[in-house]
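What follows is a pair of complexes built around chain A, which joins chain B in one and chain C in the other.
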Partner chain A sequence: MGFKRSPQTFSAKVNAVTIGTGEKAVTIGGENVFPLYSFDAPIENKPKIGVQISDRGYNNAVAGIAEYYKGAENFVDMAKKAALMPGADFLVLSFESANPDAENTSVEECAALAKEIAEAVDMPIVVEGCKNKEKDAKLFDKIAAALEGKNSLFLSAQEENYKEIAASAGLAYKHKVGAESAVDINLAKQLNVLINQMGVAGENIVMNLGSAAAGYGFEYVASTMDRVRSAALSQNDTMLQMPVITPVSDEAWSVKESIVSQEEFPQWGSMEQRGVSMEISTAAACLAAGSNAVILRHPESIATISKLISAMCDKEGN
Partner chain B sequence: MFNIIFKSDNCPDIKTSAEKGANLLETALLAGVLIDSPCAGAGTCGKCKIKILSGTLEYEKNIHLSDKEYSEGYRLACQCRIVSDAEIYLPSSLSAFKSDIKTASLSSRDELERYSLLLSKVFNSGIKKDESSSGFGLAVDIGTTTVSAVLIDLKSGYVKAKASAGNAQIRYGADVINRIIASSKEGGRTRLKKAVREETILPLISSLCNEAEIEPEKIIKCVIAGNTTMEHLFVGEDAQSIRLEPYVPKFLELHGKTAADVGLPISESAPVIFAPNVGSYVGGDITAGTLMTLIWNSEELSLFIDLGTNGEIVFGNKDCLLCCACSAGPAFEGGDISCGMRATDGAIESCAIDENSMEPVLGVIANVPPAGICGSGLIDLISELFRTGIINAKGKFVKEGARIKHDEYMGSSYVVAFASQSADGKDIEITETDIDNFIRAKAAIFSAVRTLLSSLDMSVDMIEKIYIAGGIGSGINISKAIKIGMLPNVEERKYSYIGNSSLSGACAMLLSKEAENKVFETASNMTYIELSTYPGYMEEFIAACFLPHTNALLFD
Partner chain C sequence: MALKGLDIFKLTPKTNCKECGNPTCMAFAMKAAQGSVPIEKCPYLSDDAKAKLSEATAPPMKSLKIGVNETEHTIGGETVLFRHDKTFVSKNLYAVNVCASCVDEKLKEIENVDYERIGERMYVELINLVYEGDKDAYVELVNKTLNKGRVLILDCECVDAARAALDVCADAKPILNGANEENYEQMNALAVEKKVVLGVRAKDIDALYDTVAKIEALGNKELVLDVTGSSIKEAFANAVQVRRAAIKDKDRTFGYPSIINAAALAKDDINMQTALASVFTLKYGSIIIMQSMSYAQALPLYGLRQNIYTDPQKPMKVEPGIYPINGADENSVCCTTVDFALTYFLVSGELERSGVPVNLLISDSGGYSVLTAWAAGKLSASSIAKFIKEFDVENKIKNRVLILPGKVAVLKGEVEEKLPDWKIIIAPNEAVSIVKYFKELEV
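Right after this comes the complex of A and B.
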């Protein structure tokens, strides 16, 4: 008797969330199978890739990144170039300079830049804050107003500032809200419940479950994503059915493998190649564990992961 | 030597003398004046507030007194050194004064009725009382936070006197782990033994004897029930192995001890019986308490929860008993809560909040101006804050109003009683940190119940009876406790509150050799589950740190 494969599909689904407007809008989630299990049922929406640019620029970045943005004189120029990057589906604007410990750029300045970029490119926009929770709450409020109608995603609301971000980005300006928790299924669900209780529908929330670079405790990330997906699909847990977006680049480009120079560790080889490998392996692991979107930085990583997604999700011959 | 006089509203004055430089709180304790001092003199809780009527005291100022209070003569007893004759006034609502104890909730009619009811049930279940002997018996419940004791007339079985005090060991740490660490330092075992024996139990005995007007030598039998660590520290045994793998205590049972052996100033030859321990974190307080629940005699599957610094849970019926313990912290007894206090006069024990005005209606023990909140009041308060949407499911304030305060250092808080209504002229408020401590405590209990049941592949619907014990206040509001996810969501009629079952169990053991044997038998039949080796426990705990629970279906 031949092997008969019984597809493992579920009646529950991951929410499909659309970011952006018009032709370039992207939709993540929507599948009713485990991550990348395209052999069980077609993946409703392929995982997507965001290209991340920082308002502090990439002049000192590794050659591949610096080269790509060469000639860009400001953040808007960078955004225009990033929007053309092969393999990228959406643009991720990181307003790092707004951090009070960095340049402490004013929220008005950031909002004006965001608006200018939104007018110059037609890619969906994901907004990242400055990793200062108080400032992010104010920053997102202003940017959400500036980007009204653009259906952007704001990363992220956390337990400490979800109220302001949900009220402003989520309710007043009708954007999507990113809910960030620290690699724990219960904390993730609790934050979703809190944001939902503010009045933001589950269908307008995207989860950032937290991450680690591959090899840096990634097994926690994998098991958390795994269980979140399992609860969403097999238990129909509506408070865990949000699609998952994972900012990979911040983690991947800050570990030792990606930052010590070749002079220091000649036997390790090229620093840039190490960083790219870190970014690719972490992103691939996230996609396999359940991320519906990853945020990356290096053109080579983006091209590689894009190819990987096609190979995993497209029907043969496509 | 200086003469010190302690005065209070409804008690005779107590006179004593003290050396220059003596600590006022210690002097009070030696004289049998019980001042509520949860931090045992560390100066951190601000509860031992007294007022100087005459004389002077050397005083180190700290944050617990406002300038106004200081100028009015208020001091923290633990921070005062005696330098002259003095007259001290004890505000009765703040401090459980020696003979005040009689009227305090600890021997309230409710509690006494509950006690005699439980006792009669036990003696109707086939356990015989001993032939009456004349003399008195002493039952002591040594809790991590609170020590309670009763004096019983062995002939009639009547309670002659009842008293309780904070465990003076608390200055060495709020939980058993810190106590064990403190005891393992050089001279530590002696210090901890001294704290619980000389500073806590001996004053209790003298106040019991004063109240009953008997000589301590008339006490001819004593039963001690405490958790495993407390029993170890009381007899001065090495407790280190309790917290180190494989978590096996030095002893489970102690036999043949007399008052002389353990240094109690009662009849020298009086036998001292220790309720047996089951494991490192399920001790004599639970085995004595289990006797009172009659689980061991029942077909029905029952759950017994003791809410204390350590929460202990027993589940089963007459054929099989399982038990486990979790660390809840002192929140249920008012510890670790800025406005917390034990369930005595002046404690807010119930609360309802109006949804629109955010105004509370408070129930205060003894109907005096409120001085703080006890465990049952906290359950009500947090449940009401959540129901009215003043706090979110994480316990953070999300509404604004006249009663919501924001402080740069203390964070946000809700004013339960304004200064003008409170006993000590200060706002009584509950902070986000307090709520957080409480949520952790309730989460520890609930997740332990879930883990214990799931280790048997059982669910809460299979429980037919739930017994709640502990010193959290006279009437715990079960429906509110369920609303915040502290207790399993089963019909309210299945619950009964049995008060301090460790103490009543110890009393039963005093009155009956058969009861004593039954406790030992039950203890040896209990299966002890070590939660820390259950990989799912931590996840259950995080899931329970939410109001009511991350899995809302459990409380639908």
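Right after this comes the complex of A and C.
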């Protein structure tokens, strides 16, 4: 009698990738089990949380975010505060203002800011572009040079601009390259292969498999992650063994549920609480599906997800 | 042991009588081996063969019905661990905790969240009645919550109180969640007598296994397993291991739906309960008990559930129709796209962000994305013209500007021909450009 356990451990592993340098450096990946299955084998490196700030500030920020960054006069000030966010493991700098449709900030200006921030904080840095593929290629080149030696991660290289980003951030300045594909296992693998063929080792690539807020096509995110993880572990597919980072906040804070005011939908209650809840739900679902790192914005979400990760991965009694 | 189709075929009469609804005995055998038709469908199998086969071909996880009439729900019956292997079948259900002292306030809160999302009613399907040691108060609690359109869970390990509660509500087919290592014999007898599903819990996963085995030996297979345990880590380990044992290792002792009490795992931490509910929606909660269900919680959680329980072979569709956005009226412009839910949400979300009043026309395009629908002939100049006519758009809307998705710009000429009164313009290719496009739109 008794329950016969049959742990699913694999001889293959997810690559362990380190971002940043020194004491605060973080390592993601390294596990040989399905996501959070610590009952099958210990999780080598528990999932990590990035705190995202934008160079456009959060002018329309909800109270909890505005309050946290109160007194910060510029992007560098915000970064210093973000670096102290309880529960956060790395800093995510989003250079949205560089988008030609926004302020079209010059790449030199962005690079100077990135350098100033890197000197002011000791947290590992993840750099996000402006969602314009052409501009991102130029932007990442300059920022990669400015952050040389910081072992940062650049999000993201896509099908259209991976060559420039792999050559510059990946090879010339030895940073980690984020490979972004749109919720499809084949596209993900193809991009990893292409970046790898440029000379960037698989161990220096982190995947962004695409993201969606809860309720907005999340089944594609979940199933893509399920399939990628399964191929990495059970078929030892080395071109899918990169750890996964998922930007949650951009999606979570732009869906209707998070932006419609309470005046407009009184029944729905506080807009801020809806946004926090959307960010938490999406992040928790991403972690259950296989994200090794999630990018979040609100202090309350970061605190909750950090607590969830500890509860799932730490040894009992810790 | 799972039987192969050929093993089953050998036991059939091989007469191809079609009485089972299948064209040949071989077809029946293959389906039975997969568990997609019950073995009893063949009237000519010997009792001996039936007994042998029904054991071997029973689905790996029991499917149960709870509630009655309009409150009836099915839980369990899953056949895969990952939705991409086939599909998940029975969506997880939500329960909210109610106790004697908070019942009135909680009922109001539960009834407040009730809305529709892509053709599905979103509401709290179950009420979890927490027994606090006073039998009379418990019966009163049952009386107050019965007939509120929700299935009751009797969260009660006291046999005496459970019997008193069931005397009142057994006909409504609640779940009696109260059997444990000590009381399982009496609880089981009660559940069998009252014909209700029995919830089983134990101090750890081994004790749970043994207790379920003992209850099964008493002949009851109408069970759900409360796998909550004492910590978040344990709950997740239990939920995954129970489901994996059933589906992957074909261990029928764990082939039952599960209950996760998120309210107990993260008492008073509502954000953590939202996080847990999300995790257990993916991996593998059948019923998730919450301390509360506000709109802030419901909107992401029910949306997530709807996503995860979508059959990967069938795309999610929205109803065709005219969707006024940002207070659009008869003088606002029209734009059109397909009924694929993902497209609809992306486009309508971006349109809302633009702040520009627009009538979004959704036509029936088979649930495909824009390019796929176009390639399949489901989105064409004719389909758009047909929609305009069928939905009486020309009488309902005075504005004569129609905006087409950028990806089907090729349709412009043809649409102009079919709708000569309309000015046809082309939107950008990607939804991300919509806000800018509409803000700058001059018509």
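General observations
To be clear about the criterion, the second predicted complex is superposed on the first by the 318 of 318 C-alpha atoms of A that agree within 3 Å, B and C clash if a C-alpha of one lies under 4 Å from a C-alpha of the other, contacts with A are read in each partner's own complex, and residues count from 1 in each chain.
The definition used in the following text is that a residue touches a chain if its C-beta (ideal position, glycine included) is under 8 Å from a C-beta of that chain, and two chains touch if they have at least 3 such contacts.
These numbers come from a predicted model, not from an experiment.
After superposition onto chain A, the modelled positions of chain B and chain C are compatible, with room for both. Rounded in steps of 10, the angle chain B-chain A-chain C defined by Cα centres in the superposition reads 70°. Residue by residue along chain A, chain B and chain C are tallied for touches, and C comes out ahead. When the two structures are aligned on the shared chain, A:S230 is found in touch with chain C, with no touch to chain B. Of the two partner chains, chain C is the only one touched by A:S254; chain B is not.
Once chain A of one complex is fitted onto chain A of the other, the partner contacts of A:Q197 are limited to chain B, with no touch recorded for chain C. The gap separating chain B from chain C in the superposed three-chain model is 6 Å, by closest C-alpha atoms.
Overlap of the chain B and chain C interfaces on chain A comprises no residues. Within the complex formed with chain C, the chain A residues making contact are 1-6, 8, 36-39, 101, 131, 213-220, 222-223, 226-227, 230, 254-257, 259-260, 267-270, 273-274, 276-278, 280-285, 287-289, 300-301, 303-305, 307-308, 311-312, 314, 316. Residues 392-394, 398, 539, 542-543, 545-546, 550, 552 of chain B are the ones that touch chain A when the two sit in their complex.
Residue ranges on chain C touching chain A, taken from their complex, read 82-84, 112, 117, 205-206, 208-210, 213, 231-233, 236-237, 240-241, 244-245, 248-249, 251, 253-254, 269, 271-272, 274-279, 281-283, 294-297, 299-304, 306-308, 310, 312, 341-342, 345-346, 348-349, 352-353, 432, 436.
Residues 159, 163, 184-187, 189-190, 193-194, 197 of chain A touch chain B in their complex.
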